[in-house]
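As structure tokens, here come the structures.
Two complexes are shown next, each including chain A; its partner changes from chain B in the first to chain C in the second.
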Partner chain A sequence: MTEASATPLLEARNIVKVFGALRANDDVNLTIMPGEIHAFLGENGAGKSTLVKMIYGALQPTSGQFFWKGRHVIPASPSVARHLGIGMVFQHFSLFDSLTVAENIALAMPGPHDIAALSDRISKVSASYGLPISPTAIVGDLSVGERQRIEIIRCLLQEPQLLIMDEPTSVLTPQEADQLFVVLKRLASEGCSVLYISHRLEEVKALCDTATILRHGKVVAHVDPRKETAASLARLMVGGDIHAIKPRVSAARGGEATPRLELRHLSLPADGAFGVALKDVSLSVAAGEVVAIAGVAGNGQGEFFDAVSGERPVAADMMLLDGVALGQASITARRKAGAAFVPEERLGHGAVPTMTLSLNMILSRHAVDPALVSAGVLKPEGARVAAERIIKTFDVRKGKPDPEARALSGGNLQKYVVGRELELKPKLLVINQPTWGVDAGAAAAIRQALIDLAVSGSAVLVISQDLDEIFEIADRIAVISRGQLSEARPAQEMTREEIGLLMAGAHEDRKGAAHHAA
Partner chain B sequence: MELLLTLLTIIMTAATPLLLAALGEMVTERSGVLNLGVEGMMVMGAVAGFGAAFMTGNPWLGVLASIVAGMAMSLLFGFLTLTLLANQVATGLALTLLGLGLSALMGESFVGQPGVKLPSLAGVDPLVPFSLAMVAATGWFLFRTKMGLIIRAVGNSHASAHALGYNVIAVRYLCVLFGGAMSGLAGGYLSLFYTPQWVENMTAGRGWIALALVVFASWLPLRILAGAYLFGTISILSFVLQAQGLGIPSQFLSSLPYLGTILALVVISGNKALTRRNTPASLGQPFVPDR
Partner chain C sequence: MRLEKRPERSAAMALASPFIALALTIVTAAIIFALRGNNPLAALYVYFIEPLTALWSVEQLLVKASPLILIGAGLSVCYRANVWNIGAEGQLTAGAILAGAVPVFFPAWQSPLVLLVMVALGVLGGMMWAAIPAFLRNRFSANEILTSLMLVYVVQLLLDYLVRGPWRDPQGFNFPKSVTFEGWQLLPYLTSGIHLGVLIAFIVALVLGYVVSRTLKGYEITVTGLSTRAARFSGFSEKRTVMFCMLLSGGLAGLAGAFEISSVVGQLQPQISPGYGFAAIIVAFLGRLNPVGVIFAGLLLALSYIGGEAVQTALQIPDKITRVIQGILLFYILACDTLITYRIVSPASRAAAAAGA
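Here is the complex of A and B:
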């Protein structure tokens, strides 16, 4: 624990960072004491990543100063920061897929290049902190949780005094997250400070000693998270109340109603050396219900979405919509049959970054919306009107009338992409990571829209890594792990622990055994 | 025995320019830069090497000049693609066209002149053992040294390398320059040893074969060695067959080394996992550091 008299380990004073017209950081002050776990909270785009990048030397402040143990320092580059004793685990991993674990770590280590000796040290650290990893494994073959372990070990090997963690648990199962907290608490007890960035407020309350909250680039509060509630922290982050999702009476229950979407023993081979194969996936989604697929990233969610959306065709009778076999049908044919899809990546998959919003409207609706295209000829005016309508309904904030997709922030673009599909009231909506990297306000709006769609009689299939989100919106939950899907069960009957075990693969290959028993 | 030795010497002579150029391009591509201008750099190396040796009478100055010419061409390529972020494919193609045209212009007065041949040391051309040593050296450098690891890392994910604090652009410049030096040397080898004279367009597509070698050899030095020597062997065989007068069209026979080498390399690059692991994932993508 910290003492009031001690010198702060790191102090950021009056940090300003300007990107063009945007003040990403506006006079930010931050003080981290030795051995404390300091939460850094804020919505997406609040400027958290900008500040930590400056601390880590990847960006330079426009003005303001950093003090390390009371001494003025300029972290001019990541290697300077590392030399001071600052380590960082990135939100988007900075790893090299085709290199081994040891080679990846060697790239961040100063001193002589000796892979054999380094491998020994990796094994020692990984054993001592309970973070199992093989130094000779190729990173591309590892799960996301394992990749995070590499990043943590990479930091630990440099014996850092400050460890920066950018949303570390977003890719972990609940059990893996608990394990991580044990590691972080042990590090803190050994005197290493942790700067912990997260959206998950319950987690922050359980783990952190103090919290700094950022809104629109400004520090709005320093609080003790243990004395706050999740709701009060969220209010500080957003600057107002977040609308709670309206409770509802579910229109349908799985099994009773006729299924709208049916997947029958769907299998799909892995695509390339680093892909995941889908094995015997069966699931039905009825009209009026939300079914969620939980799972840790990289367990076949992408392949599952590809198979259902038609990006990769499967055998015709593996996928049925209202009883019609569509496994071989193209994406357009599936859209014409009443399905709509929202992929995980907004930029580059859900929308073309360099095209305007109205042109992006045409991309997914050209075959189903006569207002946009007639006889193969585009109707720009129709597209513009439709885009305007969605921008209004979903409160998409933008700089100019019809901007390029890449000019929007993540949350706003996601609202637009989701709105584009929802507006047509599809019979079936399949959506992958609906609120990934989206701020709390926009996330609540998107979740509400999904529930409203189900209430109006559509079948909604959500793939998500966020358990809070899943419990908030799902009627039934299935878990995917290594390409195998567990049986979908009513959400009220499931606990986090059960889901965690399923994420770790408790159901794998048991299905086969159950078949034999039956 | 005597015949075998002669054959081996001829094979080595045919394989060496390919080997030199391909090794250089391999290092360039390992750093994530696709330079399609190998042919252009080679032909500039050939004309510069011939010219320097012809005017000074010293073949070693010719070797030096060919290296410098290749590097100058690659520096132009680097400036256009790494600093000005021009498209690598288009720039590489333009570099080849530029090299072919410029070399023809520069070499106009050299046509038909007797060249200065690089002296053999103990019966072998010195660039042959040098090229073999470079196979070992590039392999050791890429897979055993920190700098080699950094090059592979930059080629695999330039964003990650940048996040770790490596200077992606500087690493790529060095690798592009190395590729230029090796291509230039390969061209010099042609005009100073292989056929010590200057003929317009004397590289005759060898730069393109070197490019193909790199890809089909999965960016691995030993496989490049195998590919280059296979090419050399089939070239000699097709000469022998032509001399036999078997009635096979000579056009077919002269295309045989190209066909045979590529076929063989396609077969050995069948190991998908190995290919995937060695393919530079950011090959051909321009890198812009974030703000």
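Here is the complex of A and C:
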């Protein structure tokens, strides 16, 4: 703490928030001093977002009190919080794609606005903080990093004294993240406190003055992150050492082997005005290897998954499995050919939220598992047995014997959805964001399972935003940006900086130039 | 005041919901009778109980229920898939027109084949009329609620034109009616009051109940209705499901139309259904979108028709009361279902919760 005598800017005392049977926040205390960058650390589901939403007035605590500059306050709604001087940048932006930057910001400000004058203020704030953005740009045309700048500027225009950032770097390239840190440090030096939510330990060490660590809704430590190691912070977060991934037995992988999956100049037009078009994507994945596709969210990963899985068919020879052209084949035909898929969104894509786990078993297996469906007739008992098996093998934690999918926590449902595909020992597994929103223990288990699958002779294609994860499991790495894929290269040869540059589109021009030359 | 999603739906309440809705409807009906100056208990007895006390009226109940069950079973499958066919009344009429064309053009043709051809044409007519909104939705994303509803009035006017013009019975004293059907142009009767169509309606509902709960096709329909994205992941095509559901529900409505003109109506005339196609929407919801539940709901709605006629005769209450009671019933079912998933939160209670914290 800088000054022991100073009044804290914000103090949360004995905050409790109960959702049904779950104590999301259990007697949480948090003190933020003026001008400090305060890290709020914890695993997914530890209760970080719950507390932050209460500070911002979006949720009300079950019990406990907030003090703002020593005065008792009740942030009954976000407008009350904004009035106090609290600004928040959410993880998921609330912007209208078809409006301009200035129009989007005007929508969030109280009262009528003169767009010209507002544009002027936006330009000033953007110049003075090094957040370049044009007020007249259409949001739909901007990258995710630029969209985040809009949200930050929107907060800064209201001259906040506390800025809450919810996992801001999860959508940024390493370079963009560095730029953001400069802005946050500058804000702090001007006296604006920052509450920085993250589970990325290295950046917390680099950026933050103090850290509050939350585990299962309880504060487990207040520490100075600069004096801790990433490993010690991780232990506090998880409450034990994270199970390390077994080092791989480097299987001999000759380039001469025929690829299991081959994508040849795959192109797919954008689905709607704000979708991303895939341009000339070429990639091959051999049996026994894990290939990872890195990239910032919203650069065509979803479209790539749809094209490879067959949810959106492409020209036949754009996608080959074991040399057979399957670009026109349905997802069911691709499954019959030995492929399996895990989409990014578990609820509503990989599983039907209101169906039981056993019925969800049938979702991806109805054509390939005769124990579940035969001659068009469902076998509920077979589905139940299969679900039980997955639940046991992958340690899926649940309340009732056969609950609805939505009743499971994100991590447990992900284990179930991944397990459903892995159990079939597919020849090819395509998985989008395998550990998104999954706690560290489950994430390690899923990564281990992916590696084991590759070692057993399958081809594994992983799409991920998490560079740590990619370096942990991938043999080769390619980067996707604006629907274009860089050449896949061995992981040992690549650095984070290189990947960062590729994420920002370094390969796009080169490809364009190559086309011109050709 | 606003609605807030409940953390969990109560399974018991989901089952109880139609009964609560029915109880509320009866209370409301009693209030309406009382406001008219009738003794509410006596009126309720005449409306809901008396029709069940005589064999002939129970038979009539089954006959009235059969089109409701046929159409309601098809609609329940349709609504499960989030396909909102509101135009079953039109599909029923289209089926009746096509089926009725056989006796109109071949009045002397007598053979069991006649009935088979009429039934097949009835199904075909309903399917054709339902295929239009299905095609418009798949091709142009046109809202099938609007298109299917508008097509009801189109086909009803077509029927009106036919029976007043080209299809009018030459010996019919200028009444807007076709020739009366006879012999194999009519359904055989199982008892004095119950025709073959009643039995078929019950069988269809049971078969659809099996399809929905036990087959991959039923799974496909349910998944499509719950989440189109998950359905696509599963390899199910939404467009195919839309077409399937519309053809199924339209075909069953057309079948009901063919049954009506070859039994109780016995000819083509401007009015061939007292709104069975619309009442079947209530039947589908009251039956929990489950074809087996639809059997019970169909019987209840049939009672509302017969009870309406009974109070008209016995107590001189206009038979519009039937529509009123059906409407109130649908309103209460939807309200109960909504309150199972959501709860009402008033700003006052929110503020109180915040202050208490």
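Convention: the second predicted complex is superposed on the first by the 502 of 518 C-alpha atoms of A that agree within 3 Å, B and C clash if a C-alpha of one lies under 4 Å from a C-alpha of the other, contacts with A are read in each partner's own complex, and residues count from 1 in each chain.
Note that in this section contacts are C-beta pairs under 8 Å (C-beta built on N, C-alpha and C of every residue); 3 or more make two chains touch, one makes a residue touch a chain.
In this text, all values refer to a predicted model and were calculated from it rather than measured experimentally.
K.L.:
Which chain, chain B or chain C, ends up touching more residues of chain A in the combined arrangement?
P.N.:
So, of the two partners, C touches more residues of chain A.
K.L.:
Quick check for you: in the superposed arrangement, does A:353 touch first (chain B), second (chain C), both or neither?
P.N.:
In the superposition, A:353 touches chain C alone.
K.L.:
Let me test your reading of the model: by the given contact rule, A:311 touches which partner, first (chain B), second (chain C), both or neither?
P.N.:
In the superposition, A:311 contacts chain C only.
K.L.:
First (chain B), second (chain C), both or neither: which does A:97 touch?
P.N.:
first
K.L.:
According to the stated criteria, A:335 is in contact with first (chain B), second (chain C), both, or neither; which is it?
P.N.:
In the superposition, A:335 touches chain C alone.
K.L.:
Given the touch rule stated above, what does A:58 touch, chain B (first), chain C (second), both, or neither?
P.N.:
After superposing on A, A:58 lies in contact with chain B but is clear of chain C.
K.L.:
Touch check for A:19: first (chain B), second (chain C), both, or neither?
P.N.:
both
K.L.:
For A:373 in the superposed arrangement: first (chain B), second (chain C), both or neither?
P.N.:
Touch status of A:373: second partner only.
K.L.:
Quick check on my understanding: which residues of chain A belong to both its chain B contact set and its chain C contact set?
P.N.:
Shared contact residues on chain A: 19.
K.L.:
Mind pulling up the chain B residues that touch chain A in the complex?
P.N.:
Interface residues on chain B, with respect to chain A: 145-146, 149-150, 152-153, 156-157, 159-161, 163-166, 272-273, 276-279, 281, 291.
K.L.:
Show me the residue ranges of chain A that touch chain B in the complex, using the header's touch definition.
P.N.:
Residue positions touching the partner: 19, 57-59, 77-79, 82, 90, 93-99, 103, 106-108, 113, 138, 140, 272-274.
K.L.:
For a test of understanding, state which residues of chain C touch chain A in their complex under the given definition.
P.N.:
7-8, 214-219, 222-223, 226-227, 229-230, 232-235, 350-351, 353-355, 357
K.L.:
Could you please specify the touching residues of chain A with respect to chain C in the complex?
P.N.:
The contact residues of chain A facing chain C are 19-20, 60-64, 74, 76, 309, 311, 330-332, 335, 341, 343, 345, 348-355, 359, 362-364, 366-367, 373, 376-378, 407.
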